[in-house]
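Next come the structures, one after another.
In the two assemblies presented below, subunit A is common to both, partnered first by subunit B and then by subunit C.
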Partner chain A sequence: MVDALFLGIAVLTIVSAIAALEMRSLIYGGLALMGTLGGIAGFFILLDSPFVALFQIAVYVGSIAVLILFVIMLVKSELIFQKKEDPKRRYAGIALMLILMICLGAVIFNSGLSSITTEEPPVDYKEIGEDFLIYYWPALIAMALVLAGSITGALILARRQDAVEDEQRTD
Partner chain B sequence: MSVIAPKFRLGYLIKGITDNIFWIIVLMTLIGIPVVQIVLIYIDFPVIDGEIWNPFRVFDAMTHPERALPLVKNFMQTDLFKIVAFPGFGFAALIAAAVIFVERKMLAKLQLRVGPFYCGKVEGILQLMGDGLKLISKEIIIPAKADKPIFWAVPVLFAATAGAFVALIPVAPGWVVADIDLGLLAVFAVIGFFPIITVLAGWSSNSKFPFIGGIRALYQMVSFEIPLILSLLGIVMLTGTLNLSEIVESQVNFPWIIFMPIGAIVFFICILAELERIPFDLPEAESEIVAGWLTELSGMMYGLVQLGSYLKLYAFAGLFVVLFLGGWNGPWVFPIEPIAEVITDGIVIMPDALVIKDIPGLPLFAGEMINGTIWFVLKTAAVIFFILLPRGVFPRVRIDLLLKIGWYKLIVLAFVNIFIALALVYSGIIGPGGIM
Partner chain C sequence: MSNELIDFVIVSVALLAIGIYGLSVKRNFIRMLFAVEIVINAANLNLVAFARFLPHSGGQTFALFSIAIAAAEVAVGLALIIVAYRMYKNIDVADFRSLKG
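== the complex of A and B ==
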């Protein structure tokens, strides 16, 4: 059962990832990207971590993919993307991907990861949260500062220059 | 009152019905019964308790309460029943249909109109059935340059996502379709699909007004999702769980709205925005952009989207009840505690002294389930009433004001609510070591 599910989700993820790259229509590409991200959420559920899976759906499918769709719809695609039909590039890309996959596969198979068997129950997300707050709090605070800094930077970058027009708006 | 069918005559209707009955009887006797007899010859019937079980005996057993009731009770415990009928789709669709009718009638009363009146003679009570038949019988028109696959998929996806949302709401103890440990997170994940579907609906119909409506819906839903999620974190901190059933069980003594009224208010405003209801109905603003992202949908496609949006309304109201108003908890009203003699002797319900206590499978429902369902439905109806009420009272707000409310005010209020929850936990009033 799990094997069949794993195979099905793997096929879904890879096919929709290829479709996301190859689709002529950008909207359908965005939808295929959502399929890929949803498939990754399925992998997390198979790995007994529904917490990560639901956050994957809520954040990546629910927000990131929406942003991508939004940008695609608002911007005229001809202005950004110039179609370059170059078969050499495609073959080079496929060859590069194959080499990368073979190298990664060799590393993973030689690492002894596939022979590990564990009978331990899946880690509860509450324990992870407690660990975050007790042992790894410096990392948590560093992460929070970095995120706050990046949000502040984004706000400064996105600030409107036409302040005069801003004042004329009535609330 | 206009004449709906000018050539209608009762005699023709009766003649048509009797004609149909005549032909059904003739065809059944000539074809149906011989086919059944021939099929019965070739089937090996099972032998149970030394008796051959033919179909007639099965029918006999099914009509006999001693054998039928356990079957019914067994069927009620299956997942199929839960998904299709009680806490799932059927129950929610029934409430949704009632809400549609009550909304029209209530708005009419608020605005000193009559509302639906002629269908079904008594206060237009069959109006909903008439609307449904009209939607089913109408042609589905698809715009010439629409993106057909997405356009066809949108109503189905919308209703299915709303159904997935409904499946997470616990109605009575143990009566929930999907009782998962991370129920609240699953709610957030399901809510995240609605903006995608609406913006795809707007884009795929390839028309101006739906596109504007879809973009507005996207703005509105994405920006109100954040205060919605933040306003519920306080409850998660106090209860220490994300399971919705456990959150309800934690409110046996008092509902959380007592300690977190700010969170409840923020959540309620976010519900209004997520449901695209007045005063936040910009995506469907009928006086500006026809019907928003629903403009090009016709026939039963529109009907499906309406069904989905009212299922969503029920699910949000149910979520409010589950999180803030104590869900199924309430004083014991029904059924009344039975008399001791009834428990020991039972009730004679037939001349042959068929006694209730002898029949396995009775009572069909546990008392807790009926009582819990009554309280849940009452509270949900009250919340739905407050969701419907602004439509008769408020005007529509501007989009920049809407976004300003969402980003500047509601998020700040949601954080205030979180700090209240933190104060309650750390002062030891509620939570581990407190009165909980």
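== the complex of A and C ==
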């Protein structure tokens, strides 16, 4: 049986995910996305994984959502409220979503997952540290390089190119 | 623990379906990024839920890797949005006819 806290977090997460995609203003959409990400962090706490929950809050709610809000504010205000959609495409999208939910839901309900519960103690976060530093250290280094590369790439992409444009104009 | 594994998996499926709806219907670049984030979070929820019920620490480790890589992906995605906005003065993906400067 699910408890009330689970139901509350599930409703918050799913409703704010829909609101993030359907709200007219992108800024409110971004705030609703923060609700979804926070709800997922709540699920992580329910799953006895406080370390991942704190990481989720620090990285997603703390930095990614704020970064998204800043980028939204860099865009012209009429584009923030603009909502161009093909109605046919929208209905097809809703049908696709429902079909996916029903098919995957049927598969999951008919699998053996419905009987799985656990009484075992949760994983200690020390084990996660051991995983990172003993088994997955090459992946950790690769991830650090990927992060550094992507941040550098993002900065190079987004840098202002006024100087280059001025040179082209004088040519 | 009173909740069962299937409850978390069902929420994850719902989030995945909402994310795929957003990716297929929305034409706004930023909203598509929102949809990608929702799909990635659905995957992370699944990983952590299975890690709790097995129980095994691998799921949480992979979820942490996934969150870090998603941060990099968002940084590059937002930089692309800024570049595209500068080039086309719009964030509608239907208007992005070519990627040439």
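Simple rule for what comes next: the second predicted complex is superposed on the first by the 134 of 171 C-alpha atoms of A that agree within 3 Å, B and C clash if a C-alpha of one lies under 4 Å from a C-alpha of the other, contacts with A are read in each partner's own complex, and residues count from 1 in each chain.
Throughout what follows, contacts are C-beta pairs under 8 Å (C-beta built on N, C-alpha and C of every residue); 3 or more make two chains touch, one makes a residue touch a chain.
In this text the structure is predicted, and so the values were computed from the model without any measurement.
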Give one word, clash or fit, describing how subunit B and subunit C relate on subunit A after superposing. fit
Pick one for A:Ile27: touches subunit B only (first), subunit C only (second), both, or neither. first
After superposition on the shared chain, which partner residues are touched by A:Phe44: those of subunit B (first), subunit C (second), both, or neither? second
Once the shared chain is lined up, is A:Ile134 touching subunit B (first), subunit C (second), both, or neither of them? neither
Could you look at A:Ile64 and tell me whether it touches subunit B, subunit C, both or neither (first, second, both, neither)? second
Once the structures are superposed on A, label A:Phe55 by its partner contacts, choosing first (subunit B), second (subunit C), both or neither. both
In the overlay, answer first, second, both or neither for which of subunit B and subunit C A:Ala4 touches. neither
Between subunit B and subunit C, point out the one touching more subunit A residues. C
After fitting on chain A, the minimum C-alpha spacing between subunit B and subunit C in angstrom comes out at 14
So the subunit A residues that subunit B and subunit C both touch are 51, 55, 63, 74
Can you list the residues on subunit B that touch subunit A in the complex? 147, 150, 180-182, 185-186, 188-189, 191-193, 195-196, 199-200, 203, 211, 215, 218, 222, 225, 400-401, 404
Residue set of subunit C touching subunit A in the complex reads 1-11, 13-22, 24-28, 30-31, 33-35, 37-38, 41, 44-45, 48-49, 51-53, 55-58, 60-61, 63-65, 67-76, 78-83, 85, 89-92
Could you please specify the touching residues of subunit A with respect to subunit C in the complex? 1-3, 6, 10, 13-14, 17-18, 20-21, 26, 29-30, 33, 36-37, 40, 43-44, 46-49, 51-52, 55-56, 59-60, 63-64, 67-68, 71-72, 74-76, 79, 82-85, 89-90, 92-94, 96-98, 100-101, 104-105, 108-109, 113-114, 116-124, 127-128, 130-132, 136, 139, 143, 146-147, 150-151, 153-155, 157-158
For subunit A, which residues are in contact with subunit B within the complex? 27, 31, 34, 50-51, 54-55, 57-58, 61-63, 65-66, 69-70, 73-74, 169, 171
